[in-house]
Each structure stands twice: as structure tokens, then as C-alpha cells.
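What follows is one structure encoded as C-alpha cells, with my remarks underneath.
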Amino acid sequence: MEADVMFQLKNIQKFFPIRTGLFSRVTAHVRAVDKVSLTIRRGETMGLVGESGCGKSTLGRTMLHLLSPTSGESLYKNRDVFSLSTQELRKLRRELQFIFQDPYSSLNPRLNVSEIVGEALSVHGLAHGRERDERVKEILSVCGLAPQHAKRYPHEFSGGQRQRIGIARTLVLNPEFVVADEPIASLDVSIQAQIVNLMEEHKDQFGLTYLFISHDLSMVKYISDHVAVMYLGKIAELSSTAALYKDPQHPYTIALMSAIPSIDVDAQKKRIVLQGDVPSPSHPPSGCYFHPRCPYTMERCRIEEPKLRDIGGGHLAACHLVQQGGGRL
Amino acid sequence: MGVNELLQVTNLSSSFQTEDGLVRAVRDVSFHISHGESLGIVGESGCGKSVTCLSVMRLMEQNGRIEADSMRFEGRDLLSLRERQMQKIRGNEMAMIFQEPMTSFNPVFTIGFQLQEAIRLHQGLNKKAARNASIDMLKQVGIPRPEKINDEYPHALSGGMRQRAMIAMAISCRPKLIFADEPTTALDVTIQAQILELMQKLQQEIHTAVVFISHDLGVIAEMSERVMVMYAGRIVEIAGRRNLFKDPKHPYTIGLIRSKPDMEIESPVLTPIPGTVPNPLHTPPGCPYHPRCEHVMDICRSTLPELISHEQMHQVRCWLYDQQGAVHGS
Amino acid sequence: MRIYILRRLLQVIPTLVGTTFIIFIIINAAPGNPMSTLVDPTISAEAIERRIEQLGLDRPLLERYGVWLRETFQGNLGYSTRYRGRPVTDIIQSRLGPTMLLTFSSIFLSFIIAVPIGVISATRQYSKLDYTVVVGAIAGVSIPVFFLGIVLIWLFALQFGWLPVGGMMRAGARYPSWFAWAFDVLRHLVLPLITLTAAGTARFVRFTRSSMLEVVRQDYIRTARAKGLSERVVIYRHALRNSLLPVVTILGLSLPFLFSGAVITEAVFAWPGMGTLIIEAVTTRDYSLLMGTNLFLAVLVILGNLVADLVYALIDPRIRYD
Amino acid sequence: MKFIKAADAGAPKTEEILSPRTIIWRRFRRNKIAMISLYVITVLILLAVFAPMIAPYERDDINLQYREQPPSAEYLFGTDRNGRDLFTRNLHGGRISLSVGIVASSIQMVIGVVLGSLAGYFGKWVDAVIMRITDMVLSFPFLALAITGAAILGPSIYNTMIIIGLLSWTETCRLVRGQFLSIKQMEYIEATRSLGFNEIRTIWRHMLPNAMAPILISATLIMANAVLIEAALSYLGLGVQPPIPSWGNILEPARSMDVLMRMWWLWLPPGLLIFISVLSINLIGDGLRDALDPRLKN
């Protein structure tokens, strides 16, 4: 069991200081990620969903030490990524890759495709010269791009093609684990499916493990084996995809799912419309962070923060209402 | 077509000059909308859905050109109106809600000022009456403490609240027609649900016709009675909501539906449309969708199909279908 | 916003101290001393030495700066050697009026000329008019100030004889009335004012135009049009207000540039202001006077920037929420 | 396993590879005014470089018999009060004036780029310190201090170059800092970290080249300004010292009304030469701005 754990996150916190006043003293913190624990197994895709500002991207960056953590541990194959030296970390980067959201700002406009994709090969001493060019062309074709594209510059490509270049840049290093941060959010609908399918293919072909970050519950459902739902820096619910979508437990997850418009014009949807805005992560509400918007709020929710508990079969939820074995009071 | 039509657009084409050449954003688009009706326009970026609405409101940038056989709004030909007369219609009889709530308000004026501007202009109310009217509007769109928000600058409001204020501004003069250009795209799902609910409620209350633009089929399915699908500047399919989603005809519409998983419909595979959205500077000859189409025939590569009536109220632009509704090819 | 203002005020202090210290060092790094240009043979060597001691010129640099700073805070900028011991503050005071008259009327004039031109040019981007304005504005900043001054003098003073060659008043003139005096000053002001305003206007035209072009692209301008506002209201109420915000900052940042122009203009037209004073001080190695004028101009620049920033904070509602 | 051949359908159409540089040059070439300016400044630079070969006389040759001669076939631009040929001196003056401009703006570029990139990349206290220094230099009364500096260091070509360079780097510094701050936000910079690149590679290969465009524009404007300041200083007698000619000091005698009135050939040509060269440099800068600013594409 332990052997196929790829990443184990323990109580990860990431706070951003807010400086105010005359001398810019730190007066508060944005609690972007607040005590998140998560286990990702080899070969699976963990979906991470939530609305903007819930901390999902910050978690993805922090666990790879692209952002320095406030506290916690991020164990990759039992090595704590946070305690590695700069040199060790740089070496490890080959195995841990990141796919970015914006295909426009994620490619250096001054470099051609071959340089963008191939640079890391040289830096990590994996291939040089001719060999490097060959590897680049190979990976481009795996990503659905033609070899003659190698000499062209990013501005000549469409959004979807640019995202393919970004994926090629990570795959060329033959990584073990990839964090994909909203890789399809800025693409056209008809292109999104291409990219998701491409990632699915690569997963089998290269034996990858993904953390797939998205705000799109329907895409996450399609690609993930497990799904974690985040709200205000905390995990609200975590379960296998099948169980989560079949029987969501946390009132937030339920509302989130019901809020997605469907093209099924016959379905009689009982929509739950949450009132109010998402509270600011610098001044989260007391007790359960979700209580001001929750349709089922009780007195206890205002005071006591619910723990993320297993309600059976590895389905975890952080809600006072949710009981062992599922079902609500 | 009935006499009840509010807007009738015939063969609208819009283009604008760029450094790299002429972009023909909208080509020969014809559609109509009746009083109180809701029409959805769906398509991907650059398909011409926004430009269509901007053209009707004559809000294209300086380098834009609009041509049409006619563009009648309640009997008046919008193309032949003077700019002065057009200004009387804009914001008064026809209003628009934009995509980016964060940038669509002028940062240096209060929310109230920007609402009252339209109210005073079109309804000739005095300052005090306009202020009361604007507070009323804010209340109507569900903004808490409207008196206070009325005097706030846009900066102090969240995205969802700003979009509510934008809606308040759009409905403030009881327009007969509202163009909503991707009004929820920049918002989170839970906030989107609030805004969609609000818009449905308001449309029932004030009985306005709405043209709802979105790239999201789900949103369109929820908000529109009739749906128009656009691709590369042209209408490829128009149908009633039920027909379009239950019995789509154009391969592009079918492709769009299949390339996005739906929460209500179980499907194990995701079938993307191959290729990319065409560059508006180089649209393919013939049917613009032919390079991506799985049913492509020889004729598709050379000749553009007409928009034909497949059934009552169901039009499609594709060589697979003929006037009688028979299906060609496979 | 109160914190923003306070922080901005606090920032001024190190800037002021740093600026004056650097100026102090530069001036004191000079070889020679104010006495070396004193060629009056009747003064003995001992007297010079005594004078040097009196002025504290033999002390270490830092100490002298300390003394100077303390004195400055008490309003004492030292005594001029050139003007035979007159207090520097006195001399600067007498020169301040003419400089202020010249620079402020130039700022005012460039502003009211430039803003409409910039706005009209921006609203007709790519038109012939816009093209002309852009090229004209670039030409305006490319003319050497002194050359423009020379050409104007040659043309209007020497060839046509319409306007005086220089100075601020006729030498030794006595005026029958206040009005006659004002008229004469005005006649003397025309050419230097045109000279100084040309470049300033050109700069402001470019800023206004580009700022306006930026604003006209914004979403809220489209919103304003969609409301049915007339083009005039859209441009002059919605766009202009926003595009003038950065221009306020630019006004503050333009001060060093403006004073530079004023120095040359004054030199060309023998206008009795700070510019001619600084050149006098340089040529006579009058340290106290040099220090005083530099300091004074530096303070003006710093305060000008400060005022511009504060005005900006007042008129931009976004800063209120920071 | 099926590969999606999708993207091939939308492959770039043109045969030619359009690098960002090609595109910029293409756009610049379309700007007629900027191209004319480029030719003008090239001619002026060539004249300056080959001045000793072109000039009909020795630079400082005094011929008291031919003092204050108006332009003629023999003396194209006339002679000055010492009987020196003004055509020759204007040619050589360009040599001096333009090199002061180039050297001074190179000095400020180096200071500005180094300080600006340090401030922008490292932020925090490095940024705070550098920005305070910038504020101080920015609040110097520019010309007053240049005059003061020139008087104290002693007027000469080299001191003029150094003074202008030392006083005018602030704009570049702020610009580079701003560029670095915004480029730092780009995902391709984050990507260099996720790919395990070191900071030197990130700055040198990924940040600087992308920050170059506005630096280049500003460099042209600052160079134009440097030529103007040199001229002003020399005109006031505080810049380049005779007998070495510069466009500024050639017309210094025109400070006397008598000379101004009688000898138009003394001050008109150098004045126009300064104007034309500064104008060309500014117009090139403006053309560059249009070519480099993607937003103007519309």
C-alpha cells in the first residue's frame, strides 16, 4: 500500500502576508491554503476543484515548492520536498512538472518551439545538439504537432496548439508527476476536449500521475480517479470520483454541482443557489468557513470547525451534518 | 414571419480592418427576435457572436464596417438612423450587459452616478428622482444596502455585485431588448447561478426580449428559448432549444455537444472536434467547417451551403441536408 | 488614504536629505575655494584665511554638512561671496518672482493648449490631423531651447523690432502707472514664455494623447456608449477625466525638465531669475549661492512631485480603498 | 492508441519563419517617416565619421584674412570670427556632439539596466534602496546640477559625457524595473523554475530579452536628449571647450546680440543640425514604439 503512494501532503499551510499601515507591518494573512492533507497514489489522477481564490492553484504550487510553504510537509516518494537544498530541488524538478493555465503567457515569445521544448533537456544534461532536436521532434509529434513546427515562434500558434507546446515542454523531461493548473480554462470548448484526451493518452503512455486543478466539475469528473473539493483554503470533501458525483455529502459540493448548467433540457433540476459572495480568505468566518452561505447552518457550525472525517469507504467530508456511512441529519 | 417582431436583421455583414488585413467577423447573418423572447447565440471565440450584437447597436469600433440589407427595430431601420437618434435608442430601448464586470464600470464615478446618467438622459428625471430610481434598481437586482452601494465607487464591489449593478443599469430604462454578452463568463459557478437566476426572474417581471451570448452550451440551454449557433462569422444552425439540444443537425453543433461532458448526461467518452478554430483572416473556402468535419464531402470544400429550413423553425447550413429534410451521404 | 498620504509625506524626508547631501558633496568636491576667485589685491592672505575659518571651510565634510543642514533648517543658507556677504536666502528671494512668473505661466499655458490638442488628436487616431500633431509634437521636443530662443530674438526683436531682446524691464525705466509696468513686463515675457512653452506643450500633447488612446480602449467607454451617451459626453466626461489622472503625475515629474528649460531660457533672454543666478554662481564659484539655488530647485521639484501625488490620491477613488 | 492529428490542420500557413524580430522590422519599415529619419541620421553619422576626409580645411585652421565671411563657394558655411571654416567645423562638431550623445546614453543604459533589473528581480530591500536612490536623482534639478557639475569637474568632452550619463539613468532604471516586475508575473518565468533552471539563466535568457523593447525605445529618446543637453551646456560655455568644436559651442558667440544680428551663418546651420539630428532620433524612437507595441496593432 505504502509503495504506491507518490505524494503525501501533511498539513500544508500557505499564508500570504497583508501589509498595511504606515510602516507596512504585517497585520493579517491571506490563508490561501490552510492545513491541507492529501495522498496521491502512483498512476492516478487527483482532481482538485473549487472556485477562484479557494487556494487550489496555491496548493499545487506549494506542494512542488514553487512557492515556499508556511508550514507542513510534502513527501514525494517519502522525501520531503520542502527540506531539500536548492541543488537537490533543481535536480528533482525533472521528475515533477507543471502545466500552466495561460497558453499565451506560459511560452517565452522570443524563443522558438524547439528552444522552448528543448532548453530543459540541455539544462538537465539529458540531450544535446542533434539528439536534442530528435527528442524535441519526437515529443512534438506525440503532442499532435508537426516536426516542422519546431522552428516557429509561439505567436504563430493558436491557444490549443500553444497548450500542446507547453505540454511537450513538460513531457520531454519524462516526468513522474505533473501538476496541471487549469490547463483547459482559457481554451475554446471544442479544443478543451482535445487537450484532456491528449493528457489521458500521455498518462497511459508515460505512466504519469496527475494533479488536475480545475474549476470545471464536469471535466474533473471525466478525467479524475479521485476528487478533492476545496473551499477557502480547506478541503471540504474528498472521495473517489464515482462516489463523489453519485452521492456528494458536503452542502458546498452539492450546491456547486447543482450550479452547473446542463444541456439536458428535460431534466427537472432543483438548483441550489448559494447566497452571497465567497468570504475573503484573509478574514474567514468563524467555525465552519462555509456556514454563512450554507442552507443547513446550525448553531454548532458557527462555533466549531468541522474535521475532515472518513464517512466510509475513503469518502471524506468536513461537515457537522454528515454522519458515518453517509446521509444527512 | 409574424408582425410581432421586435428586431429583424437581414444579411448583416460586419468587418474591420486590421494591420494584417480585413477581418470579416460577421457574414450574411439574418435573424429575428420577438417581444419578450429569449434568443441564445452560441459559438467559440471569434465566431462573430459579440460583433453581431455590437453591430446591431452600432457600437463597432471606428475601423469597423457594417452592411446589411435591413436591420429593423420596431419598424425603424437602424442602419439609416442618424447617430443622434441611435443614441436615443441605446440604453433606453436596447441595452447591453458586458462580459467583464470588473472593467465595465468607470472607476472614477460612483455606481449611482453611472446608473443615474442613463436614467436622467432617457427619462428626463431630476437629480433626486433619478437617485431614488437608481436605488430602486439596485434593490431590484438584489444588492444589499442599495443606498450605501449607490454612493460607492465600483472598486468597492465584488465581481458578482458589479454584474448585478450592470444588470440594474441595463434594465433601468425598461428596454425592449437586452444584449447579454457572456455576462457570467468571468464569474464563479456559484455566482453565475445567482446571476442566471436573477436574469430569469427579471425577464419574467419586465418582459424584455434578451439576446444571450455564451460559449457555454449549458448556460444557453438554460437561458434561451431559441438558439442560434455561429461558426466563422456565419449562422450554421438555428432551432428551438429542445430541437437544438435533442436533435442537433449541423456536425459542428453535434461536435460541440459531444466535446463537453455534462453533469446530467452520462457519457464515457469525450469526442473532441479535431483541428482549430479558423483564423478570421483566412477562413477556409466552401463550408468553413469542412476541414474539421467528419462528414466532409467534395462539395463542402468548394461551395458554401445555404441556410435551409430543415423543419419548421429549424434551419441548418450543411450539404448533408436538403430542402426536404432528407439526409445525404452516410 | 490617510495612511497613503502620511507614507508619502514620510518618504519626502530621506529623499530631501539624500538629495541635499549628494549636491553638497558634489559642490564641495570642487578644487579651489570661493576665495580663489577673489582677486581683490587689497585683501591680505591672513584675511582670506580668517574668512575661510569663519565660513567653516576647513572642517571635515560630514561636519560641514551637519552644520549646513542645521543652519538651513533655521532658514540660513549662508552668505554669498559674489554679492559681498548678502544672505543667500535674500538673493534667491529676489530671483524667485521672475522664475515663478515664467515657469508657472508656462505650465499653465502648455496645459491649456496641450490638453485639447491631445484629446482631439487621440479621438481621430490615424487621421491626417493626428499625424500632423504627432510629428509636430516630436518636433517640439527636438528643438534646442536656446536655438528656438535665438531664432525668436533674431526674428521678433532684431528684424522686426516688435519685442524687447531680453531682460524683464527696460533698464532704468520709471513707470507712470502700475498698468504701464505690467504691460512692459508682459512685453518682455512674451518671447521667453513662447520659448519655454513650446517644448512643454509638445510633451503634454504626447502624454495626453497616449493616455487618451489608452483610456478610449477601455471597456467602460463602451459601456458609456451603450448607455446612449453622446460622443461628446463619452469623451469629455468619461474618457477625459480618466486620461487626465496620469497627466497630473506627469506634471509633477516634468518639473526638473521644466526648470532645466527655464535655466536656458533665462540665460538666453537675460531673464533675472534663478537660472541666470545659477550661472552667475557657477562662474564665480560662489559655493553658498550655488548650494542654495540647487537646494532650492531640488526642494521645489520634490514638493511638486509630492503635491502631484497627493492630488492624484484625492482625485482617483481607487486609492481610497488601498 | 489513436493520436489526434488535430493540430496539423491548423498549422501556420506561411513558409517563411516569422521571428519576433522579423515582424518588428517589417512593421518599422512600413513607417515612412521613421525610415526617412533612419536615412537622415545614417547620413549624419557617416558625415561625422568621415569628417576628416570630407572637410575642405583643417579643423582649427585660423585664417585672419577671411574672418566673418558669409557663405560662398569657397567657404560653404562661411567663416567665424577667427576665420575658421564653418563647414569644416560643423562636420567635426557633429562628430563630437553625436559621440557625446552615444557615449552618455550608453553610460546611463548600463547603470539603468543593472540597477533596474536588480530592483525588479530581487524586490524587497534591494528594490527599496534602489528606488530611494532613483527618487533622489530624479529630484535633482537636472540642468542646474549638470551646470554645477560641469563647473566643478571642469568643462570638457569627457566630463560632459559622464555628467549627462550619471544624471539621466533614472528613467531607464524605473522602466527596466517595471518591465522586470511585469515579466516576473508571466507564467513562462514560473516555468523556468518548474523546469529547474537557475536564476542567471532565467534573467539572462528569459527576462532581459523580453524587457529589451521598451529599453530600446527609451534609449533612443535619452540619446536625443543627451545631444540636446550637450548642446545646451556647450552653448553656455560649460560643455565642450573650443577649439574643439561641437554644434553647441559653434553658436556660442551668438549670445552676443551683435553677432546674432550680423552673422546668421554662424548660428543657423549648427542649430538646424542639432534640430534635425535630434528630430530624426526621436522619430526613429517613435517608429520603434509603434513597431514594438502590439496594442497599437488594433
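The letters A, B, C and D name the chains in turn, as written, and every chain counts its residues from 1.
Here, a contact is a pair of C-beta atoms (placed from the backbone, for glycine too) under 8 Å apart; a residue touches a chain by one contact, two chains touch by 3 or more.
It should be emphasised that the depicted structure is a prediction, and the values quoted were computed from it without experimental measurement.
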item: If a chain touches subunit A and subunit C alike, it appears here; value: B, D
item: Most distant chain from subunit B by Cα centroid; value: C
item: Chain closest to the assembly centre - both centres taken as Cα means; value: D
item: More contacts between chains, B-C or C-D; value: C-D
item: Centroid spacing, where centroids are CA-atom means, of subunit B and subunit C in whole angstrom; value: 54
item: Approximate Å spacing (C-alpha centroids) for the pair subunit C, subunit D; value: 23
item: Centroid distance [mean C-alpha coordinates] between subunit D and subunit A, Å; value: 48
item: Per-residue multi-chain contacts in subunit C, two or more chains; value: none
item: Residues within subunit D bordering two or more other chains; value: 4-7, 10
item: Multi-partner residues of subunit A (at least 2 other chains); value: 158, 160-161, 194, 197
item: In the complex, subunit C residues that touch subunit B; value: 125, 218-220, 222-231, 238, 241-242, 245, 315-318, 320-321
item: Subunit B - residues contacting subunit A, complex; value: 44-45, 158, 160-161, 188-194, 196-197, 215-219, 221-222, 241-242, 245-246, 255-257, 259-265, 270-274, 276-277, 279
item: Residue ranges of subunit A in contact with subunit B within the complex; value: 51-52, 158, 160-161, 188-194, 196-197, 215, 217-219, 221-222, 245, 255-267, 269, 271, 273-275, 277-278
item: Interface residues, subunit C side, partner subunit A - complex; value: 3, 6-7, 10
item: Residue ranges of subunit A touching subunit D (in the complex, touch as defined); value: 64, 66, 89-94, 96-98, 100-102, 105-110, 112, 119-120, 123-124, 141-142, 144-146, 148-149, 151-153, 155-158, 160-161, 164, 166, 169, 173, 194, 197-198, 201, 204-205
